[in-house]
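Shared between the two complexes below is chain A, which has chain B as its partner in the first and chain C in the second.
Right, the complex of A and B next:
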């Protein structure tokens, strides 16, 4: 019998899996490892604050994306994104998005410029593939305690004030999702952060997480959890949010990936010079 | 899972009532059944009254339907969008992408 690379013999082996099942399983696992290693790369360490990110795919492999990019002027560029769709196709596009972000971050001056450049680079491919990516990009400047951000159709991050019992969305800023329309120009918006403030970037998989009764986790529960745990360090807040979602969903299968990125400003502003580039841990 | 029913109206317009969540599980129905069924009309109205949830895959499907039909000369309108769904449409600026006159 003639066989090419696409032909598999449907022969069940001892554990009931066909050769094709086994090959697929192995390849999905390899793909998952690649993605998880790219996602959970180095986290920048810098004076005056801390960042952390995590992502849990709804299936074996996901389409959410976050990344940190330390800039030579001492700022940290943060990005979070949600690729349309799920599973392997979304994961492939996520890798494409990562490449576009990394090269754009290197050469662009602001988050808005990064999004403009990413849309420029990805628009044609995304239209051909009938897909799109929502992205939120932000620069944290430890020297001036300013967060500058731009938005391409993503949900707004939450701003958890350190010294008040307030959790609110960052001021609204509009922008078309990447892959939506060609030649988009995005805008920046800046806010001043204070000691102990936290900014929580996330994807809609968190607030749309469902329990067995098809009820959603919703923004209210997320805000409550953040309010209760805001004094903790970023890693612990992350764990608390994850535990709260898991408690709510009671193991129900999720429809969407869950991703969050946290930025927390330290108690005391450290003295840093503009030449102090952040280190990667 | 999404279902749909179709009713012809005057002037070569077809009215499609969608029923259910528009998400990744709707892919085959939308691309293989709904889209070809609308290609031969002059205009199509997609009624979203019974669509409680649209995720990012559903949004992609919708963009694909409207843009593919436009290329074939079919004028597409979207009507009766629920408030929660409209919120997501606005966030993603779907009206800007498809043209504000697409929504009625």
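Right, the complex of A and C next:
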């Protein structure tokens, strides 16, 4: 019998899976590996602070996104985003978003310009696919200890003050999601950070993580966890947040991906020249 | 049922009262109601019975906003609780609604 490439035999093997089941499973795992490798790529190393990021999909693959892009002037461009939907469709759009960010980061001067350029590049495709992406983009300047950020419909990062018992949202800046309206112009806002301050970027999957009783983790628990562990390094704070969420959810399946990015400032000043832009490790 | 939609038609106005969750598992229930709004001047989406909305649900509301231009009706949103209002405000849904001459009532 002739079979083309689209024809599968629906006969079950001893393990109860058809050939199509097995092919799909293998391809989803390959897609998961691709996404995981792209997402958990190199982290920039620089004087005057440290960054770290991690993402856990609710399904095999997810639609959350974060990235670091070291700029030649010594700044680090950070982005975190959440693609509408879940699973494979969201993962495909996440890869599209990553490409748009990397290309925009290279050619734009500020986080707002990056978001403006990304909306310009992605709007038509996202409308065709009836989708959208929320993004928050920030530049950390180790030379001036300034964080400049712009928002496209994403929840505001948390600002954990190193020398005070305070965790609060970064000052509000508005901007609509990428893919919502054409020709959007986004705005920047800057704040001065100090020694031992931490900025926690995240997606709503963290505060909406649910336990078996359908209770949510909520912002209050996140703030408490960050307050209790703020003296630690970024990698350890990240682990503490994940452990706290896991303890709360007790293995309950999650509806949404969980993603966080941390930036922590240390007193050590960088001597920025064009030759010592951040390294990727 | 995770989501029910109650439809009320008064002349050229349709009110869609949603009850339950608008998420990735239920948007296929609400979308057909929005597709059949030909000839309507006003469509009111009533969220008084909404328990939860995720990003796919917000995508459906966005599609309704775009559809209002295509089918020439005014979309109005009502009965939005504080939590949903925060989400709509964060993502910028109200700006899109305004750009398409819709409103929150």
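The rule is simple: the second predicted complex is superposed on the first by the 270 of 281 C-alpha atoms of A that agree within 3 Å, B and C clash if a C-alpha of one lies under 4 Å from a C-alpha of the other, contacts with A are read in each partner's own complex, and residues count from 1 in each chain.
Here is the rule we go by: a residue touches a chain if its C-beta (ideal position, glycine included) is under 8 Å from a C-beta of that chain, and two chains touch if they have at least 3 such contacts.
All figures in this text were calculated on a predicted structure; none of them were measured in a lab.
J.: Should the superposition on chain A be reported as showing a clash between chain B and chain C, or a fit?
T.: Aligned through their shared chain, the two binders clash on chain A.
J.: Touching A:132 in the superposition: chain B (first), chain C (second), both, neither?
T.: both
J.: A:185 in the overlay: touching chain B, chain C, both, or neither? Say first, second, both or neither.
T.: A:185 sits against neither chain B nor chain C.
J.: Which partner does A:174 reach: the first (chain B), the second (chain C), both, or neither?
T.: In the superposition, A:174 contacts both chain B and chain C.
J.: According to the stated criteria, A:45 is in contact with first (chain B), second (chain C), both, or neither; which is it?
T.: The answer is neither, since A:45 touches no partner chain.
J.: Which of the two partners, first being chain B and second being chain C, lies in contact with A:256: first, second, both, or neither?
T.: After superposition on chain A, A:256 lies in contact with both partners, chain B and chain C.
J.: Examine A:84 and indicate which partner it touches, taking first as chain B and second as chain C; both and neither are also allowed.
T.: Once the two structures are laid over each other on A, A:84 reaches both partners.
J.: Between chain B and chain C, whom does A:153 touch in the aligned arrangement: first, second, both, or neither?
T.: both
J.: So which bits of chain A does chain B touch that chain C touches too?
T.: Comparing the two interfaces on chain A, one with chain B and one with chain C, the shared residues are 82-86, 130-132, 134, 153, 155, 174-177, 180-181, 255-256.
J.: In the complex of these two chains, what residues of chain A are touching chain B?
T.: Counting only chain A, the residues touching chain B are 82-86, 130-132, 134, 153, 155, 174-177, 180-181, 204, 208, 255-256.
J.: Which residues of chain A touch chain C in the complex?
T.: Spelled out, the residues of chain A in touch with chain C are 82-86, 127, 130-132, 134, 152-155, 174-177, 180-181, 255-256.
J.: Report the residues of chain C in contact with chain A in the complex, numbered from low to high.
T.: It is residues 23-24, 54-56, 58-59, 62-63, 66, 90-93, 95-96, 99 of chain C that touch chain A.
J.: In the complex of these two chains, what residues of chain B are touching chain A?
T.: So the residues of chain B touching chain A come out as 23-24, 55-57, 59-60, 63-64, 91-93, 96-97.
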